Amino acid sequence: MKKETEFMSINFLISQAKNIQKVIDENASEIEALDQNIGDGDHIFNIQRGLKLVIELEGTIKDLPLAKALNTIAMKVLSGIGGSSGALFGTFFISMAKSPDLDKDVNFSKACEMIIDGVKAMKERGKADVGEKTMMDVLIPVSEKLSEIKNNNSEMKQGLNEVIKIAEDRMLSTKDMLATKGRASFLGERAKGHIDPGARSSQLIIDTICKSVINQ
Amino acid sequence: MKKFINKTDDFLKESLNGFGKAHSDIIQVNLEPSFVSRKNKTKEGKVSLISGGGSGHEPMHGGFVGHGMLDAACPGFVFSAPAPDQMQAAAEHVDSGAGVLFIVKNYSGDIMNFQMGAEMYSGKNDSIVTNDDVAVEDSTFTTGRRGVAATVLVEKIVGSLAENGGSLEECKTLGEKVNKNAGTMGVAFTSCTVPAAGKPTFDIGDDEMEFGVGIHGEPGRKREKIQPSKTIVGNILDAILDNLKPEKNEKTLLFVNGMGGTPLTELYLVYDDACQILQSKGVEITRSLVGNYCTSLEMQGASITLLKCDEEILKNWDAPVHTAAMRWGM
Amino acid sequence: MKKFINKTDDFLKESLNGFGKAHSDIIQVNLEPSFVSRKNKTKEGKVSLISGGGSGHEPMHGGFVGHGMLDAACPGFVFSAPAPDQMQAAAEHVDSGAGVLFIVKNYSGDIMNFQMGAEMYSGKNDSIVTNDDVAVEDSTFTTGRRGVAATVLVEKIVGSLAENGGSLEECKTLGEKVNKNAGTMGVAFTSCTVPAAGKPTFDIGDDEMEFGVGIHGEPGRKREKIQPSKTIVGNILDAILDNLKPEKNEKTLLFVNGMGGTPLTELYLVYDDACQILQSKGVEITRSLVGNYCTSLEMQGASITLLKCDEEILKNWDAPVHTAAMRWGM
Amino acid sequence: MKKETEFMSINFLISQAKNIQKVIDENASEIEALDQNIGDGDHIFNIQRGLKLVIELEGTIKDLPLAKALNTIAMKVLSGIGGSSGALFGTFFISMAKSPDLDKDVNFSKACEMIIDGVKAMKERGKADVGEKTMMDVLIPVSEKLSEIKNNNSEMKQGLNEVIKIAEDRMLSTKDMLATKGRASFLGERAKGHIDPGARSSQLIIDTICKSVINQ
C-alpha cells in the first residue's frame, strides 16, 4: 500500500502519466471515434500529445520542488496541447501548482484538496456545469466525492472504488444528454446517443489513477 | 491517407516554413511558440489585430497577415485551438503600444485559450468573438453559434480601420457590427482527413451531403441526399435571410467560400445561383468574394456568407490590403 | 458524382455567368460563342493576348483576363479545346489594331482549333505554343511535350510586356523565351471527375500516385506507390533540372501549383521541400508562386514549375496585374 | 437499293447521323473508357454532342442547297464540338462543302471523291499519317480503298464490304502502336495495348454508313 506522503511526488505523477498513456493508447480508436461523432476528431491526439510531453519532462522536473514541477507540467500541457483539453487540463495543473504548502508532504487529504481546487478552476474556465455533456460531467461529481471522502475521513480504498464507479456512471450518463457547451453543442439533438469524448478520456484517467493507488 | 507529408509530427512546422519562405517579402514565421507576423513592425499608434485558431483552414489566418489586415496569426495543431503562449508571444511581438484586439472564432477551445492568452499578456487588449454560422441555434445558455467564414470579412474590414488609426474600442465596435451583420451556412460533400488521424473524419454516402456542416468536419444540421445546386443554395440562403432579415434593397456582400476541395467553376456556379435567388428577393449585391478562404483541409463543399453593408463597412472592405491570400489596391 | 451542378449541359454556362457577375468590375462574359474579355476596351496600339483551352483548369484562363495579363480567354467544354469561332470572335472583339497573340498549350486539339481560329481571323495575329511538361519526352516527330502550368507564367510575363507597349513580335519572342526557360512536372493522388462523365477519369489505389500526370487526368510517366513529400519533390526536381540545366546561382521563380483538391498547407510544405532541395543544388529562388492556378477540376496533387529568370522576365513578372486570380501592384 | 443520285442528299446525311448516333450511344462506355485510358476521357461526349447538334439542324438545312447545308453542318461541328475531334471533323465537312459541282447530282463516285478530299484535309490539319495511333489510321486506308473502288469502277456493295473490313482491321491495329500524335503521344510505351478512341469512333461511323448503304 502506498505511503501517505508519496501522493503527488514527482515520481508518482510521472508514473501515473505512463499508466494513463498505456490505457489511453489502448482505447485510442474509441476516443477518436467519439470526437469524430460529435466533435472534430482531435481529442485523442490532443490527449496523447499531452501525455507524451508530460512524460518527456521526467528528466527536467525530477529534482525540482513540487510546486515548480507542477508549474512546468502546467505550462507544458497548456502550450503543448491546444484545443479545449489543453486549456482545461492546463488550468487544472496551474491550480495544482498554486496550491499552498507544496513544500510540505502531500498526504491523501491534501491531494484530494488539490484535485478539488483544480476541478473548480476548470469549471470557472470552461463555464460548464454538470449536465452539459462535457468532461465536467465526470470531473465535478468525482471532485464532490473526493471532498466527501476527505471531510468524512472515509477509508481511502473504498472511497476510491466509489470514485471509479461514479466516474463510469457519469461518463455513461453523457450519452443521452443534449450538449450545451463545447463542440457537441452545435449538434442539437444529433449529439444524443454519443458519449462525450472528454468525459470518456477523463473517466479513463480517473479509473487508471484510482486503480493504481488502490493496488499499490 | 494521401498527402504531401514527410512525418505527421513535422507537417505543420514544414508547411509554416514553406509559407514563410514563399511570402518572405511581407511576413515572417516564428516557431516555438508558433505565430505568423508582418515583416515590418506595427507602426506606433496602430492597434494590432491578432487572430488564430486550429490549422486546417488555410489560408485563414496566416494568409491574412499583412498590411490592411492582421498583424499576427497563431496557428494551432490541425483543428485544435492554439495555446495561450502563442497569443501572448504574438501580442508581445506586434503590439506597438496602441493595444491588441484578438479576433476569436466561437469555439470553446478557442475562447478558453484566447482568454488565457489575453490574461497572460500584460498590455492593453480586448477580444471579439465571431459567431456567424446560422446552421446552429443561438442561445445564451449554450456555446451558441460557431464562428466560420465571416471571420475573414471581420479581419479584412477591421484590419482596414486599424490601419487607418482606429482605436482599440472603435475596432472592436466595427468588428462586432460586421459579425452581427453576417450570416453563414455551409454544406459538405466529402469529409476531410486530419493528418494525425490518417483517415476521413466522417463517412458519407456517394449521394449524400452534410447540410450545415462546420469547418472541422463536425456534423451539421442534417444528413441529406445531394440536390441540385440551386436547391442547396436556396436552402442555405433561406436560413441566412431568416436570420439577417435584410431590408428591401439593402446592400450586401456575397461571399461564396470553398471548403478546400471544390473547384472554382463550382463556386462560381454557386455564386450565380445565389445572385439569382437574392435578386429575386430584392437583396442588392454590391460586393463579392469567391474562393477558398476558410477551408476544412481537402473537404469538398462550400459555404455562403451574406454581409449587410453600410458605408463604413464598404469603405473598409474596399481599402487596400496586402496579404498572402487577399490583395488589392497595392 | 458530387458537384454543385444543376444540369450537366448548363454547368459551364452557369459557372461563366457567376464568374462574370463576381468580377463585373474588370471582365465581361460573352456567350455563344463564349469568351471572357476585359471590361475596358484594349487601348490603341496595345497588342492583344488571347488564350484559352478546355475548361476544368480554373482559374486558368478566364481568371487571368485583366490589366497586365490577358485581353480575352476562350473556354472550351471541360477538357476539350475551344472552337475556332470562339477565338475568332474574341480576336475581333479585343483587337485594337496592334494585332493578336494567341497563347496555346501544346495539345493537338488546342493547336488545331487555335490554328483554324487564327486562319478565320482577318487581322494581324501570331501564336506561341507552351510545352513545359518535362514528364513527356520531347521530339520533333511527335506532338512533343504538353503545355501546362508554365502557361500561367507566360501569360503574366508577356501580359506585362504587351501592357507596356511591346510589339507583337516582341511579345512572341518573350513568350517563347519564358516557355523555353520553364520546366514543369506534376503528380496526382486522386482522379478528377468530368461532369459529363459523372465518374472519376481513372482508378487509383489508396496508396498510389500518378507520377508525371497531365492536367486532364491523362496518365503520366508511371504509376507508383505514394512516397514522402521530399522524395516526390526530389524526383520532380531531378526531371526538371535535368532539362533546364540552370547555371550555378542562376535566378529562378519557383511555382508550386495545386491541381485543385490539395490544401494550401500541403502546397506550402512542397514549397519548403523544393526550396531545401534547390538550395542544396545551388539554385537561387528569387520569386515564388504557390496556389491553385492551373488545375484539373478537383484532382488532388500538385505540379512544380521552375522558371529561369533574367532581368526582362523579372521586371515583367513584378509589374502590376489586376485579374480575378492574380493581382498585385494595383 | 439506294438510287445513285441520293448520295449526300440532306436526307441521307441526317438519317446517317441518326443511325450513327444510335451506334455510338450503344458503344458509349467503351469509347469513353478508351479515351480515359490514353487520353482525357472527353471523346465520347465530343462525338455525342456533335451528332446531337447535326441532327438538330435537320429543320434548318432541309431545304438548303447541298453546299450551303454542308457548310452549315461544318460550322456547327466546328463550333459545337471542340477538342481534336471538332477541328478534324469540322475540317472534313468544310472540305465537303467546298467540293465543286454540288448543285449537280452526287453519285457514288462523286461521294467517294468528297470523302477522299475530306480525309486529305483532315490529314493536313492534324499532320498525322498512318501509324501514329489516331483516327487517321482508319480514315486514310478507308479513303485509299474508296479511291481504288472509284477508279476501278468496282461493284459498290462488295467495295463497301471491303471498306468495313479495312476500317475494323486498322482500328484494331492502333492497339499495339506507340502514339506520336494526339494526347496518347504523351504516354510513350504506356499507350500500347489500348485502341485509339478516335480510331474506334471513326470505324463505327464508317461501319454504320457502309452497312446502311449496303442494306438499302
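Order of writing sets the chain letters: A, B, C and D. Residues in each chain are counted from 1.
Note that in this section a residue touches a chain if its C-beta (ideal position, glycine included) is under 8 Å from a C-beta of that chain, and two chains touch if they have at least 3 such contacts.
Keep in mind it's a predicted model, so treat the numbers as computed, not measured.
*Asks:* Shortest hop count from chain A to chain C along touching chains?
*Replies:* Step count on the best path from chain A to chain C: 2.
*Asks:* Would you pick out the chains that touch chain A and also touch chain B?
*Replies:* none
*Asks:* Whole-Å distance, chain A centre to chain D centre, using C-alpha means?
*Replies:* That gives a centre separation of 75 Å.
*Asks:* Need the CA-centroid distance for the pair chain B / chain D, whole Å please.
*Replies:* 54
*Asks:* Averaging only over C-alpha atoms, locate the centres of chain C and chain D and give their separation in whole Å.
*Replies:* Centre separation, chain C to chain D: 32 Å.
*Asks:* From the C-alpha centre of chain B to that of chain C, how far is it in Å?
*Replies:* Here the centre of chain C sits 29 Å away from the centre of chain B.
*Asks:* Two-or-more-chain contact residues of chain B, please, as numbers and ranges.
*Replies:* Where chain B is concerned, no single residue meets two or more other chains.
*Asks:* Could you list which residues of chain A touch at least two other chains?
*Replies:* none
*Asks:* Which residues, counting only chain B, touch chain C once they are in their complex?
*Replies:* 2-7, 11-12, 14-19, 21-23, 55-56, 58-59, 63, 189-190, 206-207, 209, 226, 228-230, 232-233, 256, 260-273, 275, 285, 288, 290, 292, 295, 297-298, 300, 302, 327-330
*Asks:* Name, in rising order, each residue of chain B that touches chain A in their complex.
*Replies:* Those residues of chain B that touch chain A are 33, 54, 76-86, 107-109, 112-113, 115-116, 133, 135-137, 139, 141-146, 194, 196-197, 201-202, 214, 216-219, 221-222.
*Asks:* Sort out for me which residues of chain D touch chain C in the complex.
*Replies:* On the chain D side, the touching residues are 32, 36-42, 45-46, 49, 75, 78-88, 90-91, 125-126, 179-183, 185-188, 190.
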